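Written out below as structure tokens is the structure these notes cover.
Here the chain labels run A, B, C, D and E in written order, and each chain numbers its own residues starting at 1.
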Amino acid sequence: MRISQKVKRILDNYESDNPGTKGNLARILMHGKLGGTGRLVILPVDQGFEHGPVRSFAPNPPAYDPHYHFQLAVDAGLNAFAAPLGMIEAGADSFAGAIPTILKVNSSNSLARPKDQAVTGSVRDALRLGCAAIGFTIYPGSDDQFAMMEEIREMAEEAKAHGIAVVIWSYPRGGDLTKDAETAMDICAYAAHMAALLGAHIIKVKPPTAVIAQDAAKKVYEAQKIDVSTAAKRFAHVVQACFNGRRVVVFSGGEAKGDDAIFADAKAIHEGGGNGSIIGRNTFQRPRDKALELLGKLIEIYKS
Amino acid sequence: MRISQKVKRILDNYESDNPGTKGNLARILMHGKLGGTGRLVILPVDQGFEHGPVRSFAPNPPAYDPHYHFQLAVDAGLNAFAAPLGMIEAGADSFAGAIPTILKVNSSNSLARPKDQAVTGSVRDALRLGCAAIGFTIYPGSDDQFAMMEEIREMAEEAKAHGIAVVIWSYPRGGDLTKDAETAMDICAYAAHMAALLGAHIIKVKPPTAVIAQDAAKKVYEAQKIDVSTAAKRFAHVVQACFNGRRVVVFSGGEAKGDDAIFADAKAIHEGGGNGSIIGRNTFQRPRDKALELLGKLIEIYKS
Amino acid sequence: MRISQKVKRILDNYESDNPGTKGNLARILMHGKLGGTGRLVILPVDQGFEHGPVRSFAPNPPAYDPHYHFQLAVDAGLNAFAAPLGMIEAGADSFAGAIPTILKVNSSNSLARPKDQAVTGSVRDALRLGCAAIGFTIYPGSDDQFAMMEEIREMAEEAKAHGIAVVIWSYPRGGDLTKDAETAMDICAYAAHMAALLGAHIIKVKPPTAVIAQDAAKKVYEAQKIDVSTAAKRFAHVVQACFNGRRVVVFSGGEAKGDDAIFADAKAIHEGGGNGSIIGRNTFQRPRDKALELLGKLIEIYKS
Amino acid sequence: MRISQKVKRILDNYESDNPGTKGNLARILMHGKLGGTGRLVILPVDQGFEHGPVRSFAPNPPAYDPHYHFQLAVDAGLNAFAAPLGMIEAGADSFAGAIPTILKVNSSNSLARPKDQAVTGSVRDALRLGCAAIGFTIYPGSDDQFAMMEEIREMAEEAKAHGIAVVIWSYPRGGDLTKDAETAMDICAYAAHMAALLGAHIIKVKPPTAVIAQDAAKKVYEAQKIDVSTAAKRFAHVVQACFNGRRVVVFSGGEAKGDDAIFADAKAIHEGGGNGSIIGRNTFQRPRDKALELLGKLIEIYKS
Amino acid sequence: MRISQKVKRILDNYESDNPGTKGNLARILMHGKLGGTGRLVILPVDQGFEHGPVRSFAPNPPAYDPHYHFQLAVDAGLNAFAAPLGMIEAGADSFAGAIPTILKVNSSNSLARPKDQAVTGSVRDALRLGCAAIGFTIYPGSDDQFAMMEEIREMAEEAKAHGIAVVIWSYPRGGDLTKDAETAMDICAYAAHMAALLGAHIIKVKPPTAVIAQDAAKKVYEAQKIDVSTAAKRFAHVVQACFNGRRVVVFSGGEAKGDDAIFADAKAIHEGGGNGSIIGRNTFQRPRDKALELLGKLIEIYKS
């Protein structure tokens, strides 16, 4: 595998990692149509766990089949495909070597009351399934956040020792956080920074709004005249919170929405120096040709 | 053991599993009168734990003896016999090789208040007792659901590494779920899908009703015009939720009921593409000859 | 050690156990005056933990000394002596080989509020102290029952792998159970059955009353016309719940009571097919000669 | 090391222990001015943890230095010195071989609300620091008592396997216990007995009062006419609860008090057959020469 | 590395530690401009975790980059740099050998409700990253304090066995403690003493106020006429609580404040015999040249 200069510089930021882990990061960063650019588009399919199969796949029934998603990610030229254990198991052999996979090792569901997730996969699973990385969600703010952080700490240590990269979904939720606070600028940057401090190689957060939720933070935004009035500036601010760009950060698309909004997000991420998008429902809930079309355009934005 | 083309195609869906685990799945799928058809009838006897010995066995006292159930399963030509530790221990040697066994490794009882189960067996037990699989119940929705999922995750990893198949009983219960919701169409499909994502080889759920319990799901059923008005369509919908048929799914019979209802269920399961029935009280609570007769007819339905 | 035909048939029921474990069961079943009959009388001395030393030993002060109990069990020709760690440690060397011992590995006390017990001994302890078995109490119904069951599951697996037999004290308590329900016929049979399903070799329960506590069970007792009007019939019903007699079941004596009541119990146990008595306070709280006299008569009943 | 006949007889009571553990018990029993008499005086310095440094050491500031206590115990000719990890670490090398040490492996503090302690040392620590024993506090009656008992069970098993002796501080506290009940005669005897059953080699309790706290116990005290009207009789009663004297039992001094009260306690302990005193604040909170004088007199009492 | 006489004497106080651990303590004590003096200034950068990236780094944006802090610590000639996992990982290779690092292995955040921290690093991490020590925060008084103490106990045992030094941040908080009590003289001394008893090599506390929070302590301060009226006397009192100076103790700067206050603190620490300062926000939140200037002056104070 040839490593581009751009990717080489990114890998250099992971200076404490062993060659195995860097190799897996490189697999993700060099794969697909954005391979070598330092930008990524990842397909995550854990919505069946989070929202149930009907809400996730009924709009486009072929998506009930795990192979559909592997093939979509491959054909769209994405960087990686992320999913929970059972879905990876169902296609790992057919698509071995075809696309880097990220084993999502914890999951919640819409029947649950606590703001927590169940650990549903392991580093050992990732190894036997040939995954390049594990993915783990933390809920900063939740009363279970410390337990979640301790779970990923332990799994990340094991992953790094075995050459597996670590992706952290950092989603503020629970505790004293209001709905607005969950996507507030200060909270989002905080969530991204904590993921970086926890040792994530790749950080996934939601696009932040212009809300500032914490009073103590608000004072600083005002005193330092930090401008977060545009999406691009907000994405750039999150990049800053990720060790000033030393860690790869990608943004989720959130709920299904119009294509224009998706492209606007991507342009702003690109402009703000973010590394890319992780986009699920907006792709697999539409017919395959439409999904490929949308992903193609998205990739063009990041290539520009 | 000759493997039929039908079973070979089913095994191919378990593409990440090692030959040991596939071998045990094959033992179950190739055994008995339905061997090779891709359909199964399994005898589960954990009701003594769940409801007590009197409610379970007094209607047919020979059933107090564990050997009775082994023999019934063998003589009826079923695919497998599932029971908790003590019951398997009591017959494993006498019936070694006579029928594939599934060690039910967790159990609740009718004296319990929390919606949880105790882990009462292990993979190591399954290995020493020559079992083909472990069986584990999760209660999606329960406040203990994450802990239960983490237990089976750990046990499933160990099972798969040792060539033991994994059967998940996925029974929504507890939390905010109403009694009706427990068997609602959307919840049942969700429960089956989560079992698949947790890495189950065989999924066991209850037959769904036409109720849709979650508002967010209801919108999708309506928008997508999903027809779940007949039992067969509901079973087919559950099959879809099991990775579009890539995972074996069987349905429990529920409370003791009339034979016609049992046969109607089986026909609908068969028509909907479900893999079979797991039927306990409706067999062992009647005299042995009646039970054999009922099981014989059931098998005929699945053979048709 | 010569094994009687009677004991050989009992051992055959433990068909999944290794020769080490069967050997230890045989040690208990072949020891003492009832050796070889398939009947047992066991001396348990954990009352010091459960009720305190004064309530247990002050009526017969020599009983403060652990050696007193070892010697009593030996001289009375009992099958085994059961006690917590410290008491076994205090006599295990002096009485090595003189009588099979059962290490009681969990204990509660009368200062405790939760319906639970502390694990106070281990399989490793049992091995170093030359014990034939471990003894463990579960409280079916208690809110801690699942944790207790998981503790004995783990210890039983370890015990069986090391050739140590497992005795379960199954005492319904806590949760929604009323005082009456704790010794009700249906609950007692249920408790015995759960111990059997948990893999116990020897089951210890309290003598059941004629009360039926659960409505769902009551219907079955009535529908099936199950006669539990006499003590012997109730004991026989418990034996049935123990895999139709495939597992050894003994009955505790409960609070100190008149000798006639004790003998009546034993006769009924014997008549009902129960395997024997486990009798503590009614023996060691009276002078040694009186205790030997009582135990002698008890043994005669079981020999008849 | 020459072992006196008296100590030999005591060691014989620990009949299940390995030579390593007996050797460490012998080190304690043969050391200092009371060496060989079967009586002990131990210096415990965990008050800094329990009450803070100022309340513990300000009355005699040299006592802030860990070496002060080692030296005091050595110079006074005591049997052993007990303290938490940091304090033992601070002097273990300077005083290696000079005096047997007991590593206090759990501790509470006066800022804590739950009736529990933190485990703050390990058997491995005891081994690397050359300690003869570990010391552990249980709070019988506390809602955390079962967890505490399970902690010492596990540590005691490890200690005994590595030749380390086990000292249990058994202090009833919490739950339904009133302040008076904590030192009541029946509760103290019960606490001592539970420590013995948990496998302690040396038991430490507080001097009991004449109060009888439990109704069920009161009946027995009255029925059996147990006389606990004098301190000596109460100490003798505790000795009885320690396997009729088969286990070494020492009594703490409690709060700082007058010398006469201390000597009276010691005389009563001696008369009642108790093995000695464990005395902290009453020694190290006074000037060194006064402490040596007091300890000298105390030792004389036990030598008489 | 040449070890000064001063440092040699300090190392002698850690008499139970192995040469590996002493070597790492020596690395810290001999490094930088204060190397060999027995005094230290340490740069801690865990504020991004505790308060978020914006509140921590926005006042001086280059500080978003982990390398900034490594370089600052190196250029200022400090003794060590302390930070959570991700930040150490981001610079450990570039600055290998350039400055001793302390891996902060637990962290809280301002979104959390419980007074607890998540374990976010391990001894194994410290070893692979070449750290000289681990840093761990306890919250004495918190309802989670026992769990925190047990975490550091386990990690400290592992650290010491692998030659890694242990730094404990002892910050009273939670439970019944008022805000004033958190920095009260008696509580601060108590917190420092507990850290020492837990086996810390280096203790970090906040500067104490003249408040005495506990009644029982107040009596002793009055009775013993302990003068804590000046900062220097209060620092000396804390040193006394650290085994009379046998353990290194450093003081945090607390919130950003005027330079004069910082220098006054340092002078008082120096006069009181404290070992130094651990100072974060007051340095990295100002421009680099100003920070170097401030640190230079601070070092001069400790050199005087």
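Everything below uses one rule, namely that a residue touches a chain if its C-beta (ideal position, glycine included) is under 8 Å from a C-beta of that chain, and two chains touch if they have at least 3 such contacts.
Keep in mind the model is a prediction, meaning the values are calculated, not measured.
Touching chain A and chain E together: no chain.
Centre-to-centre, using mean CA coordinates, chain D is 35 Å away from chain E. Centre to centre, using the average C-alpha position, chain A and chain C are separated by 57 Å.
Multi-chain contact residues of chain C (touching two or more other chains): none found. The sequence of chains round the contact ring, opened at chain D and continued through chain E, runs D, E, A, B, C. Per the touch definition, chain A reaches chain B in the complex via residues 48-49, 51-55, 58-59, 61, 64-66, 84-94, 107-114, 116-122, 124-125, 128-129.
Of all residues in chain E, those touching chain D in their complex are 13-17, 140-141, 143, 145-147, 149-150, 153, 157, 161, 172, 175-177, 186-187, 189-190, 193-194, 196-200, 214, 216-217, 220-221, 223-224, 226, 240-241, 243-244, 246-247.
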